[in-house]
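I'd like to ask you about the structure that follows.
As written, the chain order gives the labels A, B, C, D, E and F, with residue 1 at the start of each chain.
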Amino acid sequence: MYSVTVRGHMMIAHSLIGDVFGPAQRLHGATYIVDVEFRRPDLDADGIVIDIGRATGTVHSVLAELSYRNLDDEPAFAGRNTTTEVLARAVFDRVASAIARGDLGDGARAVESVRVTLHESHIAAASFDGSLRATSR
Amino acid sequence: MYSVTVRGHMMIAHSLIGDVFGPAQRLHGATYIVDVEFRRPDLDADGIVIDIGRATGTVHSVLAELSYRNLDDEPAFAGRNTTTEVLARAVFDRVASAIARGDLGDGARAVESVRVTLHESHIAAASFDGSLRATSR
Amino acid sequence: MYSVTVRGHMMIAHSLIGDVFGPAQRLHGATYIVDVEFRRPDLDADGIVIDIGRATGTVHSVLAELSYRNLDDEPAFAGRNTTTEVLARAVFDRVASAIARGDLGDGARAVESVRVTLHESHIAAASFDGSLRATSR
Amino acid sequence: MYSVTVRGHMMIAHSLIGDVFGPAQRLHGATYIVDVEFRRPDLDADGIVIDIGRATGTVHSVLAELSYRNLDDEPAFAGRNTTTEVLARAVFDRVASAIARGDLGDGARAVESVRVTLHESHIAAASFDGSLRATSR
Amino acid sequence: MYSVTVRGHMMIAHSLIGDVFGPAQRLHGATYIVDVEFRRPDLDADGIVIDIGRATGTVHSVLAELSYRNLDDEPAFAGRNTTTEVLARAVFDRVASAIARGDLGDGARAVESVRVTLHESHIAAASFDGSLRATSR
Amino acid sequence: MYSVTVRGHMMIAHSLIGDVFGPAQRLHGATYIVDVEFRRPDLDADGIVIDIGRATGTVHSVLAELSYRNLDDEPAFAGRNTTTEVLARAVFDRVASAIARGDLGDGARAVESVRVTLHESHIAAASFDGSLRATSR
């Protein structure tokens, strides 16, 4: 299996609901360093997994939609905790949609799975790793 | 699949038996930067894989039991080489036991697998990745 | 010159006032990975710059006072932008005060200067480096 | 599953053919920080995955064959783009051959799979992850 | 003293002349991870050292002029070895010129010194640290 | 001012004497990731601060003399605590002696100062920064 990983970041405010979150129930924020890994079993005719320029552009666009915002006010997350895990999934879903729409080119449709990792500090991270095939996610 | 990773470290002395270890047969030591990744297919009602506060506390407790010690004198490792690989497994076993005992809360029992990575320097690491289901480890 | 550096982090929400900040004028947030470096020309009788346990405790206390908060609501920063630079200075001032109060022990008073670096992402950081001598800061 | 990872690097010049590569169609170069992960389900009698000294030696030899060269002139890559993905596979194939030849010792033949990751910058990487069993690569 | 550091990178081909360079006398290449630190003793009215957006833009422009090129063919370096040290100085000079021209805004003229560090691998780096005052560089 | 930095590591056992060290009074160990920075105001005729091959060789030799040892048994440290600070100074002194002896070549005698940093974990480091001129260290 081949993979390509690109890195970006986003900076957000939010609060989390539930005793389990302790002081993170207060309005605070985070920088998430975001790694998006694209995987496929074979390379295309150019010898690549994906057009890394387009992939980087897509990742930056997805992160820009979330960054410099208070996620408590974002309709997309209404009624849900925007934990690092939930945000990893949100980035995954948006990247998967971009691939399905063809934003990363036709070749990108050969990508079989994607892993999104959000590093919230030097000592904690969360990820979502999923198939792009509807039947096996 | 979702995952959450927390980082800690331990500092130990030990020696290794066997020609394959060269100068590491002498009493020496290591700092291990330890990453523990917890995985499960779905999030709980709070939107998390695991209570990260409890997970961090458990990892720190497990590492504190090993740290600032000469592992050559620890009964738990009598007759065995405390290689980075063996120590990765030891941390895994102790974290798995803590989950089974309920130390990380009832929700943590939904964790399906754990990966423990010990970075012994900037150029070498070892890991153990195992299921928490007895039948598939 | 000798130095010892300890690392911690804080997670905050804030907004910044001024056109220069672009989208960061909106309420958002950041994780700051914080390095505090303590310097002195000679070591004490134990062979150290500072009691690293106490230094780490002080740094964590200072960061805990700022973390998991919306800095827009903190009286300490009323009327000021909480840029990374300003926060680096705020951490410096609080660490300097702790040293002056003796929180890090009498030996810590031999520390001549401190550098505080806040990493706000993998591609940006700010720092404040100052003397602990009133005349030369 | 156990694993051991060793890190090395190589520095090469090359150019890439195809519009998708944009400015990288020009002759340029890269440092690749290379992580090679060796995996097997059980440890040997010494408590290790692989002789890390030999593994490091093999990885360095493989990288030395590629490093400080213009890959456009290397017969091994004639007619092919030396993308990061292709180079990850080339390192994999050479490490796999070295294991098969016994260069890493008889024990190394128990290694079931290898993952090679090339970090081309702080924001991009590619990898090839393959089985050493002919039937399942 | 306050500072702000921004990171970028460039990927180049080159060869070096002189026995001291060993295999690096052959045409090869490098990725340089580039940190540019801007320093000044006081903050401006916005609470910043420099407009980080403009600083990042300038650093990226300077690196783009050098990246994806064979430096052996660049007139700017004719007759000179493009060692990591020389390239650190070249980036410094170009950033200093941009500040002097006002590309980073009038406020940036208060920057007193700049440090440019090029990381050529995980185990080697070079830097140039200089004043922006003609008399004291 | 120009600088070149090379990285190596060492793995040692030791114990520390004094209540301030808490659990580190027990026999334990550490991996130190070691950065040695060489500085001089001008480059030599080849465009370098120092022959990086020789510098790396010297640093590795110095670290090999200390590594894979119990420092409690080393005569060089008899009666002294081998704190990270003391070890940073010990590495500095040995590198300075190597330069003075000419081990790094005649050109290396132009190096004016050296900084040695030992990273003992992801959250703690110590350094010694000194002049190579007897009068100003």
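We take it that contacts are C-beta pairs under 8 Å (C-beta built on N, C-alpha and C of every residue); 3 or more make two chains touch, one makes a residue touch a chain.
Computed from a predicted model, the values in this text were never measured in an experiment.
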Of the other chains, whose C-alpha centre is the longest way from the centre of subunit F? A
From the options D-E, B-F or B-D, choose the one that repeats interface C-E, i.e. more than half of its residue-numbered contact pairs are shared. B-D
Suppose you list every residue number at the subunit B-subunit F interface; are over half of them used by both chains (same) or under half (different)? same
Considering A-C alongside E-F, which chain pair is linked by more C-beta pairs in contact? A-C
Roughly how far is subunit D from subunit F, centre to centre by C-alpha average, rounded to an integer in Å? 32
Dist(centroid_CA(subunit C), centroid_CA(subunit F)) in Å evaluates to 27
Could you say which residues in subunit E touch two or more other chains, in rising order? 7, 122-123
Show me the residue ranges of subunit E that touch subunit C in the complex, using the header's touch definition. 1-8, 43, 46-49, 51-53, 56
Flag every residue of subunit E that touches subunit F in the complex, lowest number first. 16, 18, 20-22, 80-86, 88-89, 122-130
Parts of subunit C lying in touch with subunit A, wherever the complex brings them together: 7, 9, 11-14, 23-24, 26-33, 67-70, 120-123
